[in-house]
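Should a chain be cited, it is by its letter among A, B, C, D, E and F, assigned in written order, with residues numbered from 1 in that chain.
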Amino acid sequence: MKALLRRDLALALRAGGGFGLGLAFFLIVTVLVPFGVGPQSELLSRIAPGILWLGALLACLLSLDRLLALDWEDGTLDLLATSPLPLEAALLVKALAHWITTGLPLVLAAPLLGVLLNLPASGYLWLVVSLALGTPALSVIGTFGAALTVGVKRGGLLMSLLVLPLYVPTLIFGAEVARRGATGMATETPLLMLAGITLGVIALMPFASAAALRVNLR
Amino acid sequence: MKALLRRDLALALRAGGGFGLGLAFFLIVTVLVPFGVGPQSELLSRIAPGILWLGALLACLLSLDRLLALDWEDGTLDLLATSPLPLEAALLVKALAHWITTGLPLVLAAPLLGVLLNLPASGYLWLVVSLALGTPALSVIGTFGAALTVGVKRGGLLMSLLVLPLYVPTLIFGAEVARRGATGMATETPLLMLAGITLGVIALMPFASAAALRVNLR
Amino acid sequence: MSVTDQKPIPKRPSSFWSYANPVKFLAFSERVMPALWWLAGICLLVGLVWGFFFTPDDFRQGSTVKIIYLHVPSALMAINAWFMMLVASLIWIIRRHHVSALAAKAAAPVGVVMTVIALVTGAIWGQPMWGTWWAWDPRLTSFLILFLFYLGYIALWEAIEDPDTAADLTSVLCLVGSVFAVLSRYAVNFWNQGLHQGASLSLDKEENVADVFYFPLLVAIAGFVLLFLVLVLYRTGTEIRLRRTRALMAREART
Amino acid sequence: MTLSVKDLSVARGGVPVLIGVSFELRAGQAMILRGPNGSGKTTMLRTLAGLQLPLSGEVHGAEDKIAYAAHSDGLKSMLTVEENLTFWAEVFGAAGISAAVEAFELHDLRDRLAGTLSAGQKRRLGLARLLVTRRPIWVLDEPTVSLDAKAVEMFAQAVRDHLTAGGMALIATHIELGLAEAQVFDVTTHRAGPDALAGASDEAFL
Amino acid sequence: MTLSVKDLSVARGGVPVLIGVSFELRAGQAMILRGPNGSGKTTMLRTLAGLQLPLSGEVHGAEDKIAYAAHSDGLKSMLTVEENLTFWAEVFGAAGISAAVEAFELHDLRDRLAGTLSAGQKRRLGLARLLVTRRPIWVLDEPTVSLDAKAVEMFAQAVRDHLTAGGMALIATHIELGLAEAQVFDVTTHRAGPDALAGASDEAFL
Amino acid sequence: MIPDLGKYADSVLSSYAASFILLAMLVFLTIRRGRKARHALEAIERKKKSDG
């Protein structure tokens, strides 16, 4: 398990820079929004929490196709499946590695990008909290999508199609926390829901992912 | 050339449904925006043209990694490079196939998605016109990005990073046309600029792409 | 030679599960489908003609109330089609009957069309009633999400070559998707209290749905249910034939 | 310790490929699978390794004992030779990699990225992975592809050492390996006829 | 028609691999490249095919005449055998694919998706592609990997026919192909020593 | 013939039209695909029979 985590992190750091790229994508999407929507700062500050959450979600999504596909192509997954490690654990570790290389940097960078979009001052704390709570769920759900589509060549887009509707509850509650935070409203309820989703997903999803992966390896 | 176009289209139709997926992604991004920014329809209708352009751009981007990477992995590009077909022409044909399978469906679907975001009635025509003019440029520029990153395993994210800044001018003028159209302002100037960019890019970019690809094949 | 007369067919299959045999299923569906086609057609015709021509206008909604005969049955079927797919997926996972996996596959496109009809008629209805084609009302929104689930489900079937692998994976997706669809429903409710509730409840409560509207609606719903049934039976038959063609071709290639 | 296969039938793409394969392999024995292209060797090896389900028949003594190696050998081109081996050693809980490095003369290549190796060098690394798994049954699909004569001899020696230590090996190949002591099993006689149906995943449709 | 190579040096990863290779190949001749793993055969073939630049030296008569085939043979797993061949035939402006289908006995596989072929069948398809290019110089990197004895003979026959028709072939391999008429060229003597610098891309830093 | 739909005629008629088009397309495509599958199967079964 530790070996797998270490290896995945090493690969992310080395191979084409999996580490910084999610971040860079997040940055670029956030920067492109004003170009698309127009530069009115009052408008931007209203949509800022939502756009930041969306940007983080898309950045997460885009890096998902590295999660399993590479290991599939070069046969690593075949070998892992015949190894003593239970597949559920292996997938959870892979999701963890994905979160560390993608989700965590996003959480840390979000406040900076908030400045670009005129996020109200009261919103920063809640934005970070909601992202920190929500992004692990994104990684775990994403692993499920990756496991479903791992046999499909360049399944990237198909995976997005499968994963995005699954992201809806996380996005709604996450963005709601950030939005309420930014406008100074109470955030307990959506925060609790968000935490509940994340916990539930971490506890149950790896079994679904492992089942899907086993079918694909067959 | 015709053989290449036919093959690319056949592959897009068969392998994992390259055809509908760009569209589905566009749909999903558009649907997720309200979850992020909240359901106020007046707010949504203000940001609609920009968001639709951004969504189309991202859908385009996400399907770029199928453009060359698959052909690279199985050695097709090596063989094409040693074939009688000039590489520039081959890349232009590939960009065309990409546009037919991705850009064109986006143009046709955009008005429907406009309904979801409460796009003002006057905006539909200009949205479609600007997308029809702009998306070919997105495909051609994307081919350049794909050619640059073709050697990098799972270069998807890296490619986004390289391509997104190149998309900025197209996005700015395209979204400007759509936005002005929606608010009933004059659209000539940005429309001309958009057309100019597209033509220039189609005329010149294939040479840059072919050069980049040659370096990568070496 | 069609599949149906390949093997002698027992007169009365011994249990429900014996219909899981593709040959028996084909024989059975060939027998009941003509009647079902007629029934579905008649119910639809009666329900819609009754509703369209022989019901009065609602005092508040005017003639738009006639849209209800399309909107409500299609919305009902859109949800029930997914539910049927869920059950069929479970049967496939637990008992591995090919027919049930193929039935789930066959139902999905029917479900999407029902969803689209509900969305389109709803949108057209919304224009005069709420002054907008679309609003981010929870019910409408969760329908849109359902539509996305359908799309993903169909795309996954299309993308995977091996039919058994595809059946397994889509079943897993259907299970997980159902959980998330319910979750989204609550999330969406929390996120926005919308228009639809008020507008529909006034008709939904017994006292508000006058019998004049209620009975033709029931007939129309029966028509949609029957249409769904016959379409799924027919499409399942098609899937079985395609699968058989594929199996025969695979063997042909190896001689 | 015995690997016993009884009346095994395997399928690919839903079509039965081999039918009624039975054999036993004891500690210290090796078996070479032969058969023309497309006869089903790869399919059978994948089934034994547990990567796909058999149509029918039984396999005993394989569970958690098999080290499988095929064309794609799970090497990361962005990791060095040493890192690649170490990773698999850790996953399989083995002690060290030095024996493997020595057996396939990878010393000079230790710090090279796996992606920069030549075809034969990469193959040697893939075979070295077998040694770090410490699994008793080696299941190998065309292991000597791209290897030169000297490396083939290295491989034969590694197999011999493995057998001497009580291991087993099951090898599909088209070329001569110089393993005189191994039994040869020709799958040709077990090929499924065109209308073999039993147990195929599409049996119900025939 | 002659392929002439003069004093060619090639490099991989910026490091010179082979130095001072010279030979001539005339219409109707074949040459087999030999050399231990990692000696630089692949690198040299890629250079001749124009896929990478030589460090120094000259290659004449190769331009637009070479059909190159290596391990990855440009086959789409989602297209059928026939569609794959037809595509390449059209790209190279060749007339039809029937000769190629016949030479490698692909008739029964014509309508199968390339992705469902076995290793050897896939290889046969990859080799059939050479015939539809109508190019005179075949440059082949380990072409007989995964082929059984019968298919190797098919391949040798295809090469012989190609030579008889005035073509040429340059083949890197570790195993015996049964092409007695071919010259053998051993690259070992041309291997670059550890301090061969001339022309390396990092020469300026040494 | 058509009842008086008042000012909402457009809405009602277009929703009926849209629904009918969608349903008709669904039925048409279903049946066309079914026919094709039936013919393909019959063809291959005939071939198999004649091959022995």
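Throughout what follows, a residue touches a chain if its C-beta (ideal position, glycine included) is under 8 Å from a C-beta of that chain, and two chains touch if they have at least 3 such contacts.
These numbers were taken from a predicted model, which means no experiment stands behind them.
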item: Path length in steps (a step moves to a chain that is touched) from chain D to chain F; value: 2
item: Chain whose mean Cα position lies farthest from chain B; value: D
item: Chain pair with more C-beta contacts, A-D versus B-C; value: A-D
item: For chain A paired with chain C, centre-to-centre distance based on mean C-alpha positions, whole Å; value: 33
item: Computed distance of Cα centres, chain F from chain A, in Å; value: 42
item: Centre-to-centre distance between chain D and chain C (centres being mean Cα positions), rounded to whole Å; value: 48
item: Two or more partner chains touched - positions in chain A; value: 15, 152-153, 155, 158, 161, 164-165, 168, 172, 218
item: Per-residue multi-chain contacts in chain F, two or more chains; value: none
item: Shared-contact residues (touching 2 or more other chains) in chain D; value: 13, 71, 78
item: Chain C to chain F touching residues, read off their complex; value: 1-3, 48, 52-53, 57, 62-64, 66-67, 70-71, 74, 109-110, 113, 116-117, 120-121, 124-125, 127-128, 227, 231, 234-235, 237-238, 241-242, 244-245, 248-249, 252, 255
item: Complex contact set, residues of chain E against chain D; value: 12-13, 35-38, 42, 71, 116-121, 123-124, 142, 145-151, 174-175
item: Complex contact set, residues of chain C against chain A; value: 145, 148-149, 151-152, 155-156, 159-160, 165, 168-169, 172-173, 175-177, 180, 183-184, 186-188, 190-191
item: Complex contact set, residues of chain A against chain C; value: 144, 148-149, 151-152, 155, 158, 161-162, 164-166, 168-169, 172-173, 176, 189-190, 193, 197, 205, 208, 211-212, 215-216, 218
item: Partner chain B, residues of chain E touching it in the complex; value: 49-53, 64, 66-68, 70-76, 78-79, 83, 86-88, 90-93, 129, 133
